[in-house]
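There are two complexes below, and they share chain A, which is joined by chain B in the first and by chain C in the second.
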Partner chain A sequence: MEVVDHKTHNLENGQAAEEEEEEEVDENANVLQFMDSMDAYLTLIHSLSSNLRQGWLELASARHSMGAYRVNTVLLDHTSHSAATSLLVDEGKEPHFTLCKWGSSGNEKLFLGEEQSSRDKSHPQIRHRGATQLSEEKTTSENKASCEIDDPVQKERSKSLSVFGTLVSPKLRDAQLSFETALETLVEIANRRSEMICAFDKVNKKSGGSKD
Partner chain B sequence: MYGFEAMTFNIHGGYLEAIVRGHRAGLLTAADYNNLCQCETLDDIKMHLSATDYGPYLQNEPSPLHTTTVVEKCTLKLVDEYKHMLCQATEPLSTFLEYITYGHMIDNVVLIVTGTLHERDVQELLEKCHPLGMFDSIATLAVAQNMRELYRLVLVDTPLAPYFSECITSEDLDDMNIEIMRNTLYKAYLEDFYKFCQKLGGATAEIMSDLLAFEADRRAVNITINSIGTELTRDDRRKLYSNFGLLYPYGHEELAVCEDIDQVRGAMEKYPPYQSIFSKLSYGESQMLDKAFYEEEVKRLCLAFEQQFHYGVFFAYMRLREQEIRNLMWISECVAQNQKSRVHDSVVFIF
Partner chain C sequence: MANRAQIPTSNSALIAMIADEDTVVGFLLAGVGNVDLRRKTNYLIVDSKTTVKQIEDAFKEFTTREDIAVVLISQYVANMIRFLVDSYNKPVPAILEIPSKDHPYDPAHDSILSRVKYLFSTESVASGRR
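Now for the complex of A and B:
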């Protein structure tokens, strides 16, 4: 009888130890996820600062090249027109932001964001856009050939810049690309921040539970 | 008659030539630029400029300064000097001085028309116009819907009227038409100015031909590079090039079909004066092209002062001051954006 009790006690101890170990692994995973999100967030902040500095300098360079009378706030378009870029916000358990670029002429908007397998599958699969080249992956919802999207995107870019004239300096186009990259980085920062907050909440819950 | 200007030039032009040579002595030197490049704030720049000819124009500006304020006040100084010279000038110097401002007039016309297309307030647009390019009926530009109306209502009474014959259409004004109008007007203006200088003859014709030919060639290169990847066709591009200059006509034929910067380089390197400009750039790069062209222009403008008894000094002085204002704008931007390491990217020393 005593032997049976001892064996049962040992079994229960073993199960408790396993559960504790699993909890510790989960907690470590949550902490690691939080640290990873924070690291990515800080890297993106630094990248944004760098993109914006570059963009402002390129804009100043374009004003220097074309003249202050050609690159001027007074030329910006005040006629009513739809936004070239919009932001979709998914206010779920973990808020997610998706950037839709270059859709003002009625062309299908391009959805941009991170490409992570941990993303909710209900979001359209999105690609990471470089400066002027499309990435290789196609979105499941868009499903267009890369070369078919290039021309409309370039046309929309030129249309945005046409407020300053149709023959603009390459420096102005470079400034546009820098600010476009900065905008994409901003959206990524928002998504990382959302991840970070969720990971922090998980870590807090666990540590609050363990204190209890 | 060429060679005898020394006998008659000073009767009507001597005083103003002395004035403009005096103004030239007030241009900023390399030492001034070195001090300016080391400034930490725009107020430091204002303090350094207070010891120069710009001092009286900036001294009453309150802090914090803005880069556009620095440019506006420096431009105001140039305008005051120009107006003094213009009111003292007799023919044909007065016409020559007026020709120098027609480029700014074209820029102002395009600014007003573009701003009106974008539903901007006319007063706001007028405030941003270049003061050297103002004329009486400029505000009326806002009512025109197409180029025919633009000409009929406003421009027929301005010096730009003769340049409109090549671009009058009844098409409504849009961004592409406006761009073509801008470049067509500027082309016609340059050609007219060139012919006027040729008619004056003598040292003026010789020196101004070189300067205007360089301007025409630089425009051709800029139009080519800026139109790469746009909807502008090769024929339309070719029509925007001026009908004079070192590149006319064979260089223009090659530039018209260029599709990238390396092809432009290939076309330009056949001409020795431009080979030295493009040799400063690496392949595929166009960032430093503007600076290279400005440096070449400054060299030619400074050479204009080496000869006496011609009108080229007035043109050269105005252009050198405009370059100086561009330098100040760039330095101010780099200081304001805390990017002083990039300040030498675009500053062109005059002396």
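Now for the complex of A and C:
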């Protein structure tokens, strides 16, 4: 009888030890997730700071070349209009934000298209004499395709710039791109924030403490 | 999903801003600006004439609007209404404190980091060891 009791007791102890070990593994995973999210959050904030600094500098340059009265909040459009850039929110246990730039739903493709077209504009390719007609036609059709994708986005961009006049400084366009990049970083920061809060709540639950 | 009741059926939401002129202008250039039929904007430009009450009202308005998912607020402005920002604890809209031209970002003042630094305090470590 005593031997049976001893064996049962050992079994129960073993099970409890296994459960404790599992809990510890979960807790470690939560803590790691929390630390990773916080690290990513701080890194992104640093990146955001440099994006914003660049944007402010370009805005200041635009103001310098166009004149302070032309880059001014007085000129902002106060008539009813919707935001061209918005967010998609997936509200679950951990809210997730997705940026929709310039009313686009397929952000990645458009972004790649924009990147290519902006690169082409900044580094125009030298046209070689004697290039084959075939390769030129191919390039033209590729450009046409990317232009078709870029058109609505470029239209929205131009509309946004037109608040400050028809002819604007290239620095204002650069500022626009810098702030677009900053927006992307901000959406990432929002997602890391959600992750961090979620991981923090899990760690807090396990430890049984509460700051609040 | 039942939790989507807060966001309109179109599923798109706005980014609100409470910041200085250059920051707001920059983000408006990026297409974030929205003006509704009642001429209510999704931003507040903070300058030397803006009162704390105006900032508080804007913060309360943006955090209760159903069509706003993220509120960007310059950290130096958040410091003026710190008690309000720190007491806010909903997941959406997310409050993001951003640097401004004259006031770099300080992690010590960030609301979310203040909330979680408890994990690294000696009290929490000691209580975990008991």
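Here is the rule we use: the second predicted complex is superposed on the first by the 141 of 212 C-alpha atoms of A that agree within 3 Å, B and C clash if a C-alpha of one lies under 4 Å from a C-alpha of the other, contacts with A are read in each partner's own complex, and residues count from 1 in each chain.
Everything that follows uses one rule, which is that a residue touches a chain if its C-beta (ideal position, glycine included) is under 8 Å from a C-beta of that chain, and two chains touch if they have at least 3 such contacts.
These numbers come from a predicted model, not from an experiment.
Contacts of A:Q154 after superposition: chain B is touched, whereas chain C is not reached. By the touch criterion defined above, A:T43 reaches neither chain B nor chain C.
More residues of chain A lie in touch with C than with the remaining chain of the pair chain B and chain C. In the superposition on chain A, contact is made by A:M196 with chain C only, not with chain B. In the superposed model, A:W56 lies in contact with both chain B and chain C. Of the two partner chains placed by the overlay, chain B and chain C both lie in contact with A:L76.
Once chain A of one complex is fitted onto chain A of the other, the partner contacts of A:P170 are limited to chain B, with no touch recorded for chain C. Touched by chain B in one complex and by chain C in the other are residues 56, 60, 76-79, 163 of chain A.
Interface residues of chain A, counted against chain C in their complex, comprise 34, 38, 41-42, 45, 48-49, 52, 55-56, 59-60, 71, 73, 76-89, 91-92, 95, 97, 100-102, 156-157, 160-161, 163, 172, 175-176, 178-180, 182-183, 186-187, 189-190, 193-194, 196-197, 200, 203-204, 207, 209, 211-212. Residue ranges on chain A touching chain B, taken from their complex, read 53, 56-57, 60-61, 63-65, 67-70, 72, 74-79, 154, 158, 162-163, 165-171. In the complex of the two chains, the chain C residues touching chain A come out as 1, 3-4, 6-7, 11-15, 21-37, 39, 41-42, 45, 69-70, 72, 89, 91-92, 94, 96, 98-99, 101, 104-105, 107, 112-113, 115-116, 118-119, 124, 127-128. Against chain A, the residues of chain B that register as touching in their complex are 68, 71, 107-108, 110-111, 114-115, 118-120, 124-125, 128-130, 175-176, 178-179, 182-183, 222-223, 225-227, 229-232, 286-287, 290, 326, 329-330, 333-334, 337, 339, 342, 345-346.
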